[in-house]
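Below, subunit A partners subunit B and then partners subunit C, in two separate complexes.
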Partner chain A sequence: MSGLVALAIAVGVVAMLSIGVGSRFIPPGSVLSALFSPGGGFYDNVIWELRVPRTVAGLVIGAALGLSGAVMQGLTRNPIADPGILGVHAGAAFGVVVAIYVFGLLDFRAYVGFAFAGAALVSAAVWLVGSRGRDGATPVKLALAGAAISAFIGSATSLVLYADSTAFDEFRFWSVGSLAGAKADLLLAAAPFLAGGALLAFGVIRGLNALSMGADVARSLGQRVSLVRGAAALAVVLLSGTAVAAVGPIGFVGLTVPHVARALAGPDHRRVLPYSALLGPLVLLGADIVGRVVAIPSEVQVGAITAAVGAPVFIWFVRRRAVREL
Partner chain B sequence: MTASLHSGAADPAPDRALNRALGRAVRGPGFSARLAPRALLVASAALAVLLALAVASICFGDYPLRFDQVVDAIFGGSGGQSYIVQRFRLPRAVGGALAGALLGLSGAVFQTLARNVLASPDVLGVETGAALVTVVLMTLGLTGTAALTGGAFAGAAVATAAVYLLAYRRGINGMRLILVGIGVNACVTGGTSYVLMLAEVHTAERAHNWTLGGFNGLGWEQVAVLATGLAVTLPLATGLAARLRTLSLGDGVARALGLPLERSRLLLIGAGVLAAAASVAVAGPVAFIALVAPQIARRLIGRPDGGLVTSAIFGALLAVAADFAGRQLAGDAEIPVGIVTALAGGPWLVYLLMKRGSRSTNG
Partner chain C sequence: MDDEALGARGLVVGYRGHEVIDGLDLALMRGRITAIIGANGCGKSTLLRALSRLLPSEGTVVLDGRDTATLSTREIARRLSVLPQGPSAPEGLTVADLVARGRYPHQRWLRQWSETDEAAVREALERTNMTAFAGRPVDELSGGQRQKAWIAMALAQRTDTVLLDEPTTYLDIGHQAEVLDLLVELNVSAGRTIVFVLHDLNQAARYADRVIAMERGRIAADGTPDEVITPETLRAVFDVEAHVVADPHSGAPLVIPASVPLTVRRAAPAAS
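Moving on to the complex of A and B:
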């Protein structure tokens, strides 16, 4: 419990930093006064119009990415599972592009459904392809299926972008993954989906714990395995589909966070999930702050930062342990 | 799992069938050669189809030409028709075939080397590396052919070297190589997206279109670069083919047979990277050809390694066919060849994964 409290305090500190740090640095005193007694302060506008929505987005999306990664790794029993690696991002991106190009939908509320549909279809396809055979869904087979189907869907996305330069111009900003465009109304629209996904994720904790001993053991412990798997998959699709639709594909947070959570909290999902939900915002906001200061006065989008830092971590996993287990 | 890791080169074919596929030895005073009727038959049939496709792709277009007009235009002739053929359609067909042949050759080398049918230059970072450097150069305004070709070549080589070195750990494991490739690709693609976002919109669009691969800009200059690439890498790779076959038996056996292991492997990787990088640098990334061509060759010949030359011929065949399809399918517009190959090759890869998945038994 003390670990969770410490993490929560750390998240609070990073959130304060995220409000204060940027192309214009705001001293902590002004941040606090603007937050708790708004009205009249010099920085009120910047803080409430830009920094607070961005920080809230970092908190919410970070939690969603951390949770979805933890559920995905528990569901697939796969240390290198990540919504990006397993094709969820590519599927959601394709859904968004179809919504923009074919149906002309430019509003988040309109295209989030397409993002879900794409994410769900591709996840189902990856699982179907990756779990064939007597040894079931091994990490390698899932990763390969994810890469193959991502490449296929990605080229379909490219075809649409090739045909329509307006869609391409929209897409290239979205596809980096950035918190900078997050506005209050977007977050309000995303909130119900994220809340639903989080509730589902915490609802299947017992099922995930049972599944970690294998489907047969889970069944004999009285779990309805296909129900648990379905609910967990739905949670992943809701959480990472919404995150991708809202801020673009941000890779590797869902991959690394659950590993840190397990290192801190052990393998029990009752502890892994809350830890992941707190570590996710910590990592995402941290990366976002780094992105804001490395290239002052301009900034580097958080998706580029997580890709640059996360890919080496992935490779390290592959070298160190993943392959030994395969 | 180990069984399926290595299933690429180790189909348990009955000895007699294998011997028939490998052909029979012909010995005379002072020479010996192997005569493989089936491989020769497959290769010449593929060459004939390739030729027919190339001619068809020269005939069809915004301005259709009859066969005899094309022949006239190629062998001398003057005026509008021969201008169209000699200036645009012929270099496009020849260049596309050469680019595909380089990819097929490279794929055959890597798949045999890593003993894994999924190891292709696409997976090892050749395409994403070349794409990143090209996009950066275009954004900086360096759009000269020499700069772009050289840059793409360097990007491809560096990315592949990085994947290989990062995956090296007391030898190379095919699966580790592929997984590291997925990681490096993800990272490099992130960088490409970032640069595309920074660029001015028209530059970004041009750069993005380059990353889709395309033969429409090919002229004789580019054909010369591709031909040089093939002239260097094909003899190099076929000269090392015997070593490649020994390597495909596994490191232990190869060492026991007295093969200089690391040197042979390094030379072969060099040839494979060189071939793929030359193709990507000139024609842009054309996905999946390197993956698919050697496997078609392998299946048709019925021989575990498929043969380097046959793989190259099938690579050329696929490239010309995809380019032709991309021009015909969309009416007035043109679908970039890389998208055609990806849309057609993706399901093939999925099929392959499903087949492997159901075959592997021990977990």
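Moving on to the complex of A and C:
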């Protein structure tokens, strides 16, 4: 419990930093007065229109990425699984390309629906192919189906991008992943999907614990294995599909956060999931803050920062042998 | 039958055209210890997995007098526990946490952990002599202790029937005896019905009331150890020539393969 409290405090601190720090300097006093007694202050707009939504986006998207990574690794019993295995990222990217190339949309906001639809459709296809046969959606079949279908969709995406330079330019910005475009209405639209995914994720905790000992043991303990797998996969798609639709593909968080969570909390998903849901925003918001200040007066997008900053930390972590087998 | 704990009627397992088991009938009596033996690939593990509903099958599996098709996975798990071959626990999982997961079939969303759960876990740890290891990660235990931890998980399930697939494989002789003695103790003191697949014929002969020998998906011999462990059956089922003598300790049949001893071979090297 104390670990969770400490993490929650750390997330709170990072959230305050995220509101206070940006490429444009705002004195701490003005930040606080804009936050707690808004009313025509000079910085009210920047704080409430830009930094607060961006911080909230970092919190909820970070939690979604951390949770979906933990569920994905539990579902597949694969320590290098991330939601990409289900084709979420490939599908979202294809959806965006369709929006640009087929429908001629050049508005970042218009991509959200297409990205989510692409993520949902492609992961549904991966699930259908990977769950054929009487033993259902085994981790190996899912991984193979996901790799094959992602490669197929990815090559279709590439074909369009190489042929059309306008689409390529547009896509380029989307494909890095950034919290800067997150606005309040977008977050409100995403909220039900994220809440549904989070509820499902916490609902399958016992199933994931049982599955972590293999499908046979899970079944012998009375779990309906295909139901658990289906619910877990749906949770992953809702969480990571919404995340990628809202802010673009952000790698690394979903892959690495569950490892840190397991190192801190052990293998029980009752602890791994809440830890991941707190570590995710910590990493994502932390990376976003770094991205805002490394290249003042311009910004580096968070999708480029998470891996650049996170990878060395994770390598150090791996070398300490703190990574656990699943 | 009144005292049938677990049974099969016209059991068919496998893909169409490749049936591993094709029409098998079986009745396992309550309170008995049954050993299933047979050569590699004869379908003995398949039978155990089908009986415990880990494998889909055609025909009927009857558990406590009820067709398992009418029981939910959870209801089956409250009546029958099964320990698959070579199970693996996630790294860092403690013995106590593993054993506690044996209570899953008894838990509900709103009733997560009860006194009964606590008592069942404590009893399972005591019976297996694993109380002292409760806080240790399963993956850091020796093979024998690890197997006992898994058996404790199955015991915590508190089912009348316990199925085990090769519970002694990969264990040293001391741990093999300990695990089998533990299962016999469970049978004698708690009346559990026990079914295990065993590789070691001498263990089957010594620790079971009834031995079922399987060959190519059907039952080749079925009876008491004395009836089944005979030179004729061993020849038919395992394609091996063997002597069967009375084990000097327990009197159970003891199998001695009749291969040519090393000293004899060395004395006549040119024979081949």
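By definition in this document, the second predicted complex is superposed on the first by the 243 of 326 C-alpha atoms of A that agree within 3 Å, B and C clash if a C-alpha of one lies under 4 Å from a C-alpha of the other, contacts with A are read in each partner's own complex, and residues count from 1 in each chain.
In this text, a residue touches a chain if its C-beta (ideal position, glycine included) is under 8 Å from a C-beta of that chain, and two chains touch if they have at least 3 such contacts.
None of the values given here were measured: they were computed from a predicted structure.
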item	value
First, second, both or neither for A:Phe173, with subunit B first and subunit C second	first
Touching partner for A:Gly84 - first (subunit B), second (subunit C), both, neither	first
Which of subunit B and subunit C A:Ala145 touches, first, second, both or neither	first
Touch count on subunit A, higher of subunit B and subunit C	B
Touched partner set for A:Gly303, first subunit B, second subunit C, both or neither	first
Partner chain(s) touched by A:Tyr162 [first = subunit B, second = subunit C, both, neither]	first
Subunit A positions touched by subunit B in one structure and by subunit C in the second	134, 326
In the complex with subunit B, residue positions of subunit A that touch it	80, 84-85, 125, 129-136, 138, 140-141, 143-145, 147-149, 151-152, 154-156, 158-159, 161-163, 165, 168-169, 172-173, 175-176, 251-252, 300-301, 303-304, 307-308, 310-312, 314-315, 318-319, 322-323, 326
Of subunit C, residues touching subunit A in the complex	49, 52-54, 56, 72-78, 81-84, 87-94, 97-98, 101-102, 104-105, 107, 139, 154, 157
In the complex with subunit A, residue positions of subunit B that touch it	1, 118, 122-123, 166-167, 169, 173, 175-176, 178-180, 182-187, 189-191, 193-194, 196-197, 201, 204-205, 208-209, 211-212, 287-288, 333, 335-336, 338-339, 342-343, 346-347, 349-350, 353-354, 356-363
For the subunit A and subunit C complex, residues of the former touching the latter	134, 206, 209-210, 212-214, 216-217, 219-224, 262, 266-268, 324-326
